[in-house]
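Order of writing sets the labels: A, B, C, D and E. Residues in every chain begin at 1.
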Amino acid sequence: MELLIIAPLVLALVSALGSKWNKWLSVAFSLVGFALIAINSNSVYRAINEKNAFFNIVDMPWLGETIHFSLGLDGITFVLLLLTNILIPVIVLSLNSDKSPAMIPLILFMQAGLNGVFMAQDGILFYLFWELAMIPIYFITLIYSERDSFATTIRFFVYTFVGSLAMLASLIYLGSKSVNGSFAYNDLYNVQLGLRESIWVGAGFLLAFAVKIPLFPFHVWQPNTYTYAPAQGSMLLSGIMLKMGLYGLLRWYFPMASESIDFYQPIIMTLAVIGVIYGAIIAMRQDDMKRLIAYSSLSHVGLIAAGLFALNSSGFMGGILQMFVHGVNVVGLFIAVHIIERNYGSRSLNELGGIAKNNKAFSILFFLVLIGTVAAPLTNGFPGEFLLLKSLFDYSTTYAIFAGLTIILCAVYMLRMFQFSMLGEETQGTQNKHIPMIELLPLFILAFFVISIGFFPQWYMDIFQNSTKGLLNIISNAKGVLS
Amino acid sequence: MIAIAIVFFGALALLFLGINKEEKQLQLASSLILGIAGLAVFAESKSMISFDALFAWVPSSMIAFNPTAQVIAAVMAFMAMIIVNIFPAVKRKGMDIIGLMMFSLCGGILMLGSQHLVVLFLGIEILSIPLFVLAGSDKDNLFGNEASLKYFLMGAFSTAIFLLGAAFLYGGTGTMYFHEMLLRLSFSEHFGEFPVLVKTGLILVSVGLLFKVSAIPFHFWSPDVYEGSPNRIAAFMAIIVKIAGFAAFAQLLSAFAPMQTWYATWMLPVSIITVLGGNIIALVQKSYKRMLAYSSISHAGYLLLFLMQPIQENIRVLGIYLLSYGLGTAILFYLFDKYAQGEDKSVTIFSGISKSQPLDALALIVATFTVAGIPSTIGFIAKYQLFTSAFPSVKWGVLLALIGSAISISYYFKPFRVLFNSSSEVKGAFSITWKSVCLLGAVLGMLILGIFPIILNWIF
Amino acid sequence: MLSIFHSLEISHYIYLSTVLFSIGLFGVLFRRNAIILLMCIELMLNAVNLLLAAFTEYMGDKQANGQMFVFFIMVVAAAEAAVGLAIIVMVYRNTRKTDVSFLDQLKDS
Amino acid sequence: MNPIALILFFPLLGFAVNGILGSKLPKNVASWLGTLMVLMSFIVTLGYLNQIASDVENSIKWNAYTFLNIDGLLFKASFALDRLSIWMTLIITGIGTLIHLYSISYMDHDKNPAKFFAYLNFFIFNMLLLVLGSNFLMMFFGWEGVGLCSYLLIGFWYQNPSYGHAARKAFVMNRIGDLGLLLGMFLIIKNYGSLEYADVLPAIAQGNGGTVLLTSIGILLFIGAMGKSAQIPLFTWLPDAMAGPTPVSALIHAATMVTAGIYLVIRCQALYSLAPMAQELILWIGLATAFIGALIGLRQNDIKKVLAYSTVSQLGFMFVALGVGAYTTALFHVTTHAFFKALLFLGAGSVIHGVHERQDISVMGGLKSKMPITYVTFLIGTLAISGFPLLSGFFSKDEILANVFHHNIFAYIVLVFSALLTATYMFRLLFLTFHGTFRGSDYSLSDVHESNWKMTVPLIVLAVLSVFGGLLNLPHYIMHSGGLLSNWLNPTFLIFENPIHAEMSTEIVLISIAIGVFLFGLIYSRNQYITKGLHPESPQSGMGNVLKNKFYFDEFYDKAIVKPIEFLGDILFSLFDTLLLYGATFSVHPILRFVGQLNRKIQNGNIEYYLIYMVGAIALLLGLNLLLA
Amino acid sequence: MDVFSNLPLPFLILSFLTILGALYVVTSKNPVHSVLALILTFFTISAHYVLLNAQFLAIVNLMVYAGAIMVLFLFVLMLLNLNKESEPIKSNLWGFAAAISAGLLLLVLTAAFQTSGIAVMKANAEGIGLVKNLGRVLMTEYLVPFELTGILFVSAMVGAVLLGKRDKNDSVKSEETL
């Protein structure tokens, strides 16, 4: 599996040298490569079938004896790897590489970092990959942003960096407590913290993850970055990077600082639910499609975070499924916006309209992804949202009712976006232009997932069902130790 | 010892041989000498070869290099080599400038090995006196003159302070060997109150060293002097002086380990002020060079945090940090020197070099990441190890240091604002030269050490 | 030595040299002429020398470490003086001034 | 292959074929394909009718696959064809077939009927999902699916922004109901650990679960029903939904989808029978809807709007029936209503078609000469809905009234009054459209034409059904063994529904009242619009305006809910998010810069200051150390 | 003050002279005067050395400081003809600041030593300060530093040369300078 980290780097170097076939090469390699890796390794079989949370697959000393280059794998990790290595080629496909030569190497570099984040089984290694994934996106946004790139990106970078440093502090603290200062996942997990210190450690983790997810008050970097970043940047950020935060909650925060969960649960829940409604209400009034999607993503992710913090199996299962689904949907939406902007030179709802007239296929695909986001049944959005709301309901009816408003509000702003961009009378901007079929290829790929998850979610849930059980056991045991 | 000998006699020889050669021709030779010195001392540290026979006449234990100190000496030598090598030579005959740099390098190495107040004092002076001169080596430059005089006066002043402290230490303990000082005190004093002479002396001596490593509030000389003096001299000061200063400081404090809890009480505030102050002030600098000066101040702060805990066992961490700091700073100074030919000294000098000079752009990025401590470079490894080893004793200090390094991002990354501009004027065509090879080597070094830090465990 | 000095204590020498040192310090802070500053620094060094000599004497240090140190301090002081005066001359050559208060071209802008 | 799979498969196939390569197919093929598919599932259903009929316990089950499995908590994609669902299926596919047939020529002029038929088939599929699903989840799938389809079909002519608005309104309002439904489902899962009817309903029937729980579940589910079946306060979307093509209105917004709410309640009969509070709520909501809908219907001039409000009102009738626990009656009315309301809509469509896409009855009149078949069928429909004796509507409505009479006299009075209104506005519509003088200005009566056989055949069939539909459930005073429907359905009820057996005299009174109501409506509107020849646009009294403007419901919602939320959105975005939060967070940088600037004073380049500072610092260090010691 | 009670007179006088000279060095307007005062101070300090049994040190002090260094200073002063009251005297405020900070340091130091009396017993160590002993120590224990001063001097020399040497390009300026 470590090939998942090495291969993209090599590929990045290759594509950095530049050739007009970069795009297709990289896509082919990352798809085929991932397929081969996934099929050949029997550890994937283990990951899916054993109820064994995060077993080790690679382990070699990296810095002294305390830090090992150790990668782990289980169902949860695998499903996120699946997401990453499917979305990255899709994103690369959606890009017209002649305009932005440096993009592909950076994206591939980032792919390596992301794969690492999801597999890292050593605290410091996790932090390392966490930052490694940040660097390319920083440069992507910096180089290809449309306006005041430096101000936006430096704010985004520093803001997230502060969070990451808080996490580093927590990790260092845990490491200083663990047996002979080792940062291995299990050693850190075995550290027994008192309530106060675990609250501090948890604060460090939560800050990092809340910024990355982003949770309600910590989302300030998000709208501008999503809006001004190049479309691919927004896709990477919202589609995959944001999952790093949620994954961090699952994999690192809950087991490591489990004593503090009871303390943080109500706070985070409230913030998340506030974020759900807040994002939705703001999204209802946006004119810039990307900004609209940014706020909608804030709302959806808030729901996921709340579901995870409900700490019951339906919440976890739904949350993890929804991570995958949200990645697919939001990337689909951004691709659609990207296509519209590329062909009609605007993404302002006021200037658009009537695109559906000449582009039937595009409008169908767009609508498919859109109702996926709205979580209509038989699309991928529904199962996750259903489970999340259920878990919230089991936690507290009030929260469920408030969070449930999202299924109304989401319909409002998403359909509004569709109405004003695709339907209605054509504007002079959008008159009889046809979108080339080739640009729709990524959307076709995503549409497959929208439908297949919508009809057969259990196929996907089976991947991480056992591992989630294992993880839940770990967490409940850890909580049990204290209480 | 061997390094000092090689460097000194090599420099002497070159001074006489190259009396009327262009400095450009002597660069390679001198860097060769430095390289040999570095290799020799490194080999000695790994006990591949031993030069004890050569120095059998050395009667006393005033100078003793432990392996780590030898490695750090090697690092200093290589740093000096890089600096001598990549910076362009000045238009003048003879190599007195490079020679002086090598002399002061001798002083720096001497400080590493000093176990005795006198030797430490001599080391400091041998390190400083050539630098006083070098700061003004560009004689017609008024800034250079001012820098030189400022540095000299303040340096001499700090020397006086240091000496007073040394005298008190001597008076308090009756010896000048660091490691005997506390042993000379009577048993009760080991655990109870330490004699006021010792305390005062230690404070004053530390002030002298804090001045050398330019920790706030003894930093006033460094921004001005860096700005005034020629770029390569500034780089030399920023790197060699800091390495030597901290190595010596570590030597001294490791002897006073029993007093650690005491000296932490007043050194912790200094280091925190240094970290935060250095970073915050660097934030508002217009000149990139001054910004680098303040960033080096903030690095001094991080290192001071590290000194706040029992040092002996993991002094190697110090070495790793100094190595990464030196590499990064050297490259940043070099790039500044290369592009700041005109009046403009702000970051806009780097405008658009990613197109015209990709290698330089890469070097700038990697070096910035190194000094900022971003992963995938040695900088992260260094900073991480520094913080982890300092954490148990100074938790809050480390937290503040983390905040400081978060602040530092926003000024380190300033060049990226213009780096990717589509530059109107092309700053020279991209060509493979000896310098660019060295540069590439340094960049790869930073990256490889960052990705395979296991190598560091072998080096240190 | 002379027995009348037996009532002397080391602390007196400490006070004396501290006073001297502080006077030199005061001079450094008070004067502006670079040369005078240098002289004041020499004064401070001498205060230290005196102190070292006193310590040697009162500890009866057979190795005479203190006095050794004094020698080295003198050596260094000489070297410093040479270099310093050279610098001062250079500055004077360029700016016709030895007044340090005019050295304020380099500062935070 | 499982029959249910077949039934579901055909419409899905039609959807897939028409949807994917519809634009390639020739128009006729696409339309006939769509129609055929629905017909197929109708036939299949018929084929299994007697198997179901043979024994109460018989019901065809199909467990397709496990949709979700959260450690043990199974959500199965399972379906069942029992007596209730087959009844609904027959209505859906049967009437669906007719309406498809009708649409073939109705959508003839449209650019791509393929898309239209794809949507229709997809709707049928979802509707079947709704009624065939043997658990709440599948029901919910269909539930949301039909909502989606109605969104698509209302907005079928998407060039027109107002249609799009109507479509979104429909979808969102349905969503509000869906939230309630969803929460109800969560409550069920929490307490019964399953969503299968087979697990939940018997458990309820055996009485585990307190009244509070049952009531709250009932109310939550009913909120869903309110959204879907356009009950007050969530009814305003239905009239707007008339933006869609007329067949859509007939199929979705009259015959099938809107009755999903009734289906839901009947399905949960056991639940509601044990939750009297919820039942009361249903009764009064239904009553209000029936009354207000009828009132508004009085003053509408858009032919489809009138029918829409009559639908609202009729749905109210059904809920009233449910409210008083007459489930069979409700289903009976669903059935008859499906017949005559579909008939009326299709007739209206035929009229619209005939007068070239005009819907305003104020420009019609005297059309009966030009389109006789349409007129006759429309007349039958009108008679049926307003309760002309021995027509389908008469029996079903009369049963409702009888049940209500025995339950609550006040409700009875109100309901009678709304029945009276029903008769009135229906005859008003009839007279204004077909009788009297022709009022068209910009076109002449001569170019009004009757529709072709593809449109009239369904009309005729439906007319026949509306006439004899009453036979499906003859009241016991005619057939003492009990009506067909009640015998068909009663055994499936987990909690036995006791039919009211009033003595003859009361029945006669009630029937005569009903007839009187009918006659009054007939005579009143004849008097108004034939003898007086009152013009529909004639100036209205104050009350008239209120009715014309639908009690200002839309305006109220706009002012009270939509606008405030939008305002809130603007405020949050521009003030809180952008200004406050963003500003506050990133004001750190300027503050730090300010602090840094202070250093200029200190680092002023003058060495004397530097020395003083240093000495001060040293003194400070020493002094502190002294004090600490 | 009992500090000065029963102190031998010569010591008091010497200290008095020393401090007086030092003060004059600091305060006199005329640089030349301060040089002379400094030389006086050095003489008194040498006397102190004698009292402290550091006879050789006393001599060296006279030779090196009073002889070499001070002459060098004088030479430079004459060279730059600063032998008049060139320096604009600073404001009293400045004097205050300087005095305060210097006094502060003094105060702190003395206070530090007040708190704990330094008890260094007076050992009778005859002849430590004689050349014989010093030479032995210098050539045995302090051999390495002794050698190392070579580097110091070479670098100082080279540096002084580097700064003092006239380059071709500034020959004109240096002509009219000196």
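Following the convention adopted for this analysis, a residue touches a chain if its C-beta (ideal position, glycine included) is under 8 Å from a C-beta of that chain, and two chains touch if they have at least 3 such contacts.
Bear in mind that the values here come from a model prediction, so they are computed numbers and not experimental data.
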item: Contacts common to chain A and chain B (chain labels); value: D
item: Centroid-based (C-alpha) most distant chain relative to chain E; value: D
item: C-E compared against B-E, more contacting pairs; value: C-E
item: Central subunit by CA centre of mass proxy; value: A
item: Whole-Å gap separating chain B and chain C, where each centre is the average of the chain's CA atoms; value: 27
item: Whole-Å separation of chain centres (CA-atom averages), chain D against chain E; value: 104
item: Interchain centroid distance [CA atoms averaged], chain A/chain C, Å; value: 66
item: Centroid distance [mean C-alpha coordinates] between chain D and chain A, Å; value: 37
item: Chain D residues counted as touching two or more neighbouring chains; value: 589, 599, 603, 605, 607-608, 611-612, 615, 618, 622, 629
item: For chain A, residues contacting two or more additional chains; value: none
item: Multi-chain contact sites of chain B, meaning residues that touch two or more partners; value: 118, 122, 125, 129, 132-133, 136, 139-140, 150, 153, 157, 171, 196, 199-200, 223-224, 281, 284, 410
item: All pairs of touching chains, each written as two labels joined by a dash; value: A-B, A-D, B-C, B-D, B-E, C-D, C-E, D-E
item: Chain D residues touching chain E - in the complex, by the definition given at the top; value: 608, 612, 615-616, 618-619, 622-623, 626, 629
item: Contact set on chain D toward chain C in their complex; value: 599-600, 603-608, 611-612, 615
item: Touching residues on chain A, where the partner in the complex is chain B; value: 61-64, 124, 127-129, 131-132, 135, 139, 142-143, 150, 154, 157-158, 161-162, 165-166, 168-169, 172-173, 175-176, 181
item: Interface residues, chain E side, partner chain C - complex; value: 3, 6-8, 11, 15, 18-19, 22-23, 25-26, 31, 34-35, 38, 41-42, 45, 48-49, 51-54, 56-57, 60-61, 64-65, 68-69, 72-73, 76-77, 79-80, 82, 86-88, 90, 94-95, 97-99, 101-103, 105-106, 109-110, 113, 117-118, 120-125, 128-129, 133-134, 137-138, 141-142, 145, 149, 152-153, 156-157, 159-160, 163-164, 173-174, 177-178
item: Contact set on chain B toward chain E in their complex; value: 4, 8, 12, 15, 57-60, 62-63, 92, 96-97, 99-100, 103-104, 106-107, 110, 116, 118-119, 122, 125-126, 129-130, 132-134, 136-137, 139-140, 171-172, 195-197, 199-200
